[in-house]
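You will see two complexes here that share chain A, one where it goes with chain B and one where it goes with chain C.
For the complex of A and B:
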């Protein structure tokens, strides 16, 4: 949290938040405390590193945190079923039998049928793939673009920094769902890639801002000065000293963002501009089922539940990682 | 203070131009408004060219943008393709969305801050853990799911409230939609307030206030709350813009004819003037809300002075 005594930097004031419907501002504001935190000056040793670094400390904390274990297990399971959905769902998610439209649970079909007479259980299992793919790819893209642009801006400063700050202000000014509707309504491609591309396009300023702050904090540390005095070049300082010490807040915000991207994909699919059939997606299924909620609530509740648990797992994981990486809470 | 406001207003100009141009570009360059006008039929080339000329679409994109902005600042937002002027649409849509946003903000302030104070004062207790888990769940369930579930439970099953909103959208019908719209932000407000309160309970000024014998209520309200609310005010302020833009989903669920509804229709029908006009206003609201938040800082924290 920003200390109340901190003078507000007027240049930064415009950009206090916005972005993803406000959803990730908290992640960002929580992470500001992290920017000051990881100043240990040690390389991220694994759990076996001799002097206990921030990372081995965090890992020790995480292993004992039930929330971390539960969410990690859920995520492993999700990754598994998005790679091999056939293992636990033997039917075809696209096979429809109109005679069974909207029928409730039956033996072999525990979640019942949807309006087209497709098996809801199979569709829920197959829907994981779209959500996990969008979440992981969008986060990877956002973190890559955001941390490179933001990190370089923080390290070198100067005009590039000023230009980048103004550009990210512009992107923050556009409400995300709105931008998604405008941008994706002209796309006819039904794969996940336009959605991922859009999320990277609008999501990178958030990570860039976090990375920039973290790099600026890390840059002022004594070990950077001494490395420079010993004759290390920019690239060595950036890779060996700055990156390991500035990466924590980016990881935290990235993990929480992954959950919100999954939620955003479902929202866009619900509005009819995200993924499109025949891609199996929870958002599309929820949207189709929403007209029939009075007759057949089961068609909405199962995919909605799966979606909510997925998002919850990623947000809980991010929360646990943040608590473990934030020395102020120890 | 005056100079600070002027500087901030000047800084807004590039952001405003950039955001609106980006939207303008997406609407006019990625979609084809003239083709949309003809629906499924292929337009007669001569007619299409005439329409393009009438709508100033036969110029380069930057020229179109400048032309559009010139009209906009003289109060002309153009016409939707059904002949209604965009300002007329705004006149009917904005009051509804503003009422909805007010209801949502009230929920955030009253419930969010109250829960935040309660949990922040009892950090680590069962109440705290329970509320914290609840906020995580609320954040994780997407708005359109909570919307449909609450509409089904409260509106259809229990009949406590109307399940959809009439065109005039009075306040009492907006309570449930307002709650749905506010829920995610409400959870964030709770968490922010909690963290902030928990940090400040250890501050010296709180110990001083307790030591000089002030009643507990006064310590909390006058000292603790005032200092802890600064990040919360930032969040709520920036949330105003997000709520108005994010109301698309809520307005669709409850059939509210506000800004989100008009925008959604505009985008589906490729009705460019409507989309660009509404988004321009939303960007303005967002920027002004941010400015307002920064000025509020000085009120909440007298240590902050803007030269």
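For the complex of A and C:
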């Protein structure tokens, strides 16, 4: 603290300048208030003039966290190659040359060929698209459905909460792999959407529980009662006072869940009920390669390695986000 | 839920405007209970008090005496369930608030009556700047633009004497000192110039020197706007200077009401007397401090008769069987004690 004077005396504390006021400031936020104090008067307000909110604090923590930087770079790269795989892989992932079946690395084909004589490198690059799409879409769906249902249950309570909690218990009770084998084996559509839909169906209760708990915690805060006492209605209280104070745990769990959805996609594809050829997926390639692990380990190692790195990156990102947003969960 | 809000008797108050004959706020025989798993906690058992415009009523009592719950019921912010208003009337500016619909009541809150909470740090939203929170009052109730409401927010901060308001309007609650935060709270409460402010222990979380400043500010604003002020506190020292009259609560009932100075001189209820005797005084240095023996009653199981009888030094048999009514004991004074004469006479 820059000021050793009596922290309670308001006039003294304030007259020291723009940013010193809160004697109870965390040391970290104080640093920003110092940086920000000079130019602050000219700021016109609006979203740019939020120097010391929870989010800017979290962002500052994140930027300094090497785990975040590494995982974010990996994820950016993954997103890039899922959008434009052709930039780094010029061949066709579906083109098969049986003459080269199971052959090892050779010039122009650094990862070798798979059983069908397709280029493993190209397939690993193209496989990112399925994994990232499934992971991102499933997470988005789960967070959307789960936080809306869970948030409303937590906010309004009563019978809606009771019914929803029981429904989510039922979905919790369905074993994921078994459910996948049952539900997805009847699906003939080979796109990612049935898999995404299945994950949202089984995944939302997890987020709903988190959101419900977070909303109940936020709801009990004095500032919610105070907003109500000053005439705010339900929708304003929910959107403006509760949501910003309850999203952190949802974001944290959602980010970590993203990695698990990617590995779940691979698991389901491995079992033959997830994505189906001709969609290129690491899970399918791992499944194909697992028979030949002694003859041609390269067929297994590259897609499996890509999968592991991807899942690891998302889980590391989730950890970093958790540390920044909600240190209590650590 | 809706049925429990129905008043027990028909509303006798004629529809009169704010300037009508009756007091600004008239709470009549209010009952509130909490239906919990352990049973029904009777938190408020027939509270009656009134506040006029420009008047300060101090509501005094221990934790759990029902003083805050009464305030929440008046404001209409009781957590329901488990809390239910089971009887009585809250007549504000001639209208019984308990008969109004949810949306109509919401419009009264903030605009006509507002509340100042005990701990401003927790009563202000940590993720919104104080300017946004102050400006929200104008955006919600007056439909003002973001820009105009920010200007109003700065004006408000200046009115509660927060230095460098223009620079600090974008700051977050945790960046203010305790006293300044409470000033922000007060600014929010007076934003729309309500006729009534309920301050629920506004200075309890503050340092003693700041307590006086905040109380002075409240008193000054009350004078300036001719507001009614209900000051909820457990601190007899705080009220002496600012309150006009005092209502003492115990176990959900008013046990004594009095103009402020009479009560310090001559309490008319043994509980009030006990409270006054437990204030440390300089001239009693060295002597053991008086404390009311026993504990406040469990609201799930309030003792029969006078709720204070197990702790009362004057309790007789009648106190254990008959609930004493709140009866006049002199000019503008009333006491709910079978032995108020003896208490006064001591």
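Just so it is clear, the second predicted complex is superposed on the first by the 275 of 330 C-alpha atoms of A that agree within 3 Å, B and C clash if a C-alpha of one lies under 4 Å from a C-alpha of the other, contacts with A are read in each partner's own complex, and residues count from 1 in each chain.
Going forward, a contact is a pair of C-beta atoms (placed from the backbone, for glycine too) under 8 Å apart; a residue touches a chain by one contact, two chains touch by 3 or more.
In this text the structure is predicted, and so the values were computed from the model without any measurement.
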{"item": "First, second, both or neither for A:290, with chain B first and chain C second", "value": "first"}
{"item": "First (chain B), second (chain C), both or neither touched by A:299", "value": "neither"}
{"item": "Touched partner set for A:236, first chain B, second chain C, both or neither", "value": "second"}
{"item": "First (chain B), second (chain C), both or neither touched by A:245", "value": "second"}
{"item": "First, second, both or neither for A:266, with chain B first and chain C second", "value": "first"}
{"item": "First (chain B), second (chain C), both or neither touched by A:170", "value": "first"}
{"item": "Touching both chain C and chain B, counted on chain A across the two superposed complexes", "value": "7-8, 10-11, 13-14, 17-18, 21-23, 25-26, 29"}
{"item": "In the complex, chain B residues that touch chain A", "value": "4, 7-8, 11-12, 14-16, 18-19, 22-23, 26-27, 30-31, 136-137, 139-145, 148-149, 151-152, 156, 184-185, 188, 191-192, 195-196, 199-200, 227-228, 230-231, 234-235, 237-239, 241-246, 248-249, 252-253, 263-264, 267-268, 270, 275, 279, 282-283, 286-287, 290-291, 293-294, 297, 301, 303-304, 306"}
{"item": "Chain C-touching residues of chain A, taken from the complex the two chains share", "value": "7-11, 13-15, 17-19, 21-26, 29, 33, 40-41, 43, 45-46, 49-54, 157-158, 221-223, 225-233, 236, 240-241, 244-245"}
{"item": "Residues of chain A that touch chain B when the two form their complex", "value": "1-2, 4-5, 7-8, 10-11, 13-14, 16-18, 21-23, 25-26, 29-30, 166-167, 169-171, 173-179, 181-183, 185-186, 259, 263, 266-267, 270-272, 286-287, 290, 293-294, 297, 300-301, 304, 307-309, 311-312, 315-316, 319"}
{"item": "Touch list for chain C against partner chain A, complex", "value": "72, 75, 77, 81, 103, 106-111, 114-115, 117-119, 121-129, 131, 136-137, 140-141, 146, 150, 162-164, 166-172, 174-180, 183, 185, 188-189, 191, 206-207, 209-210, 213"}
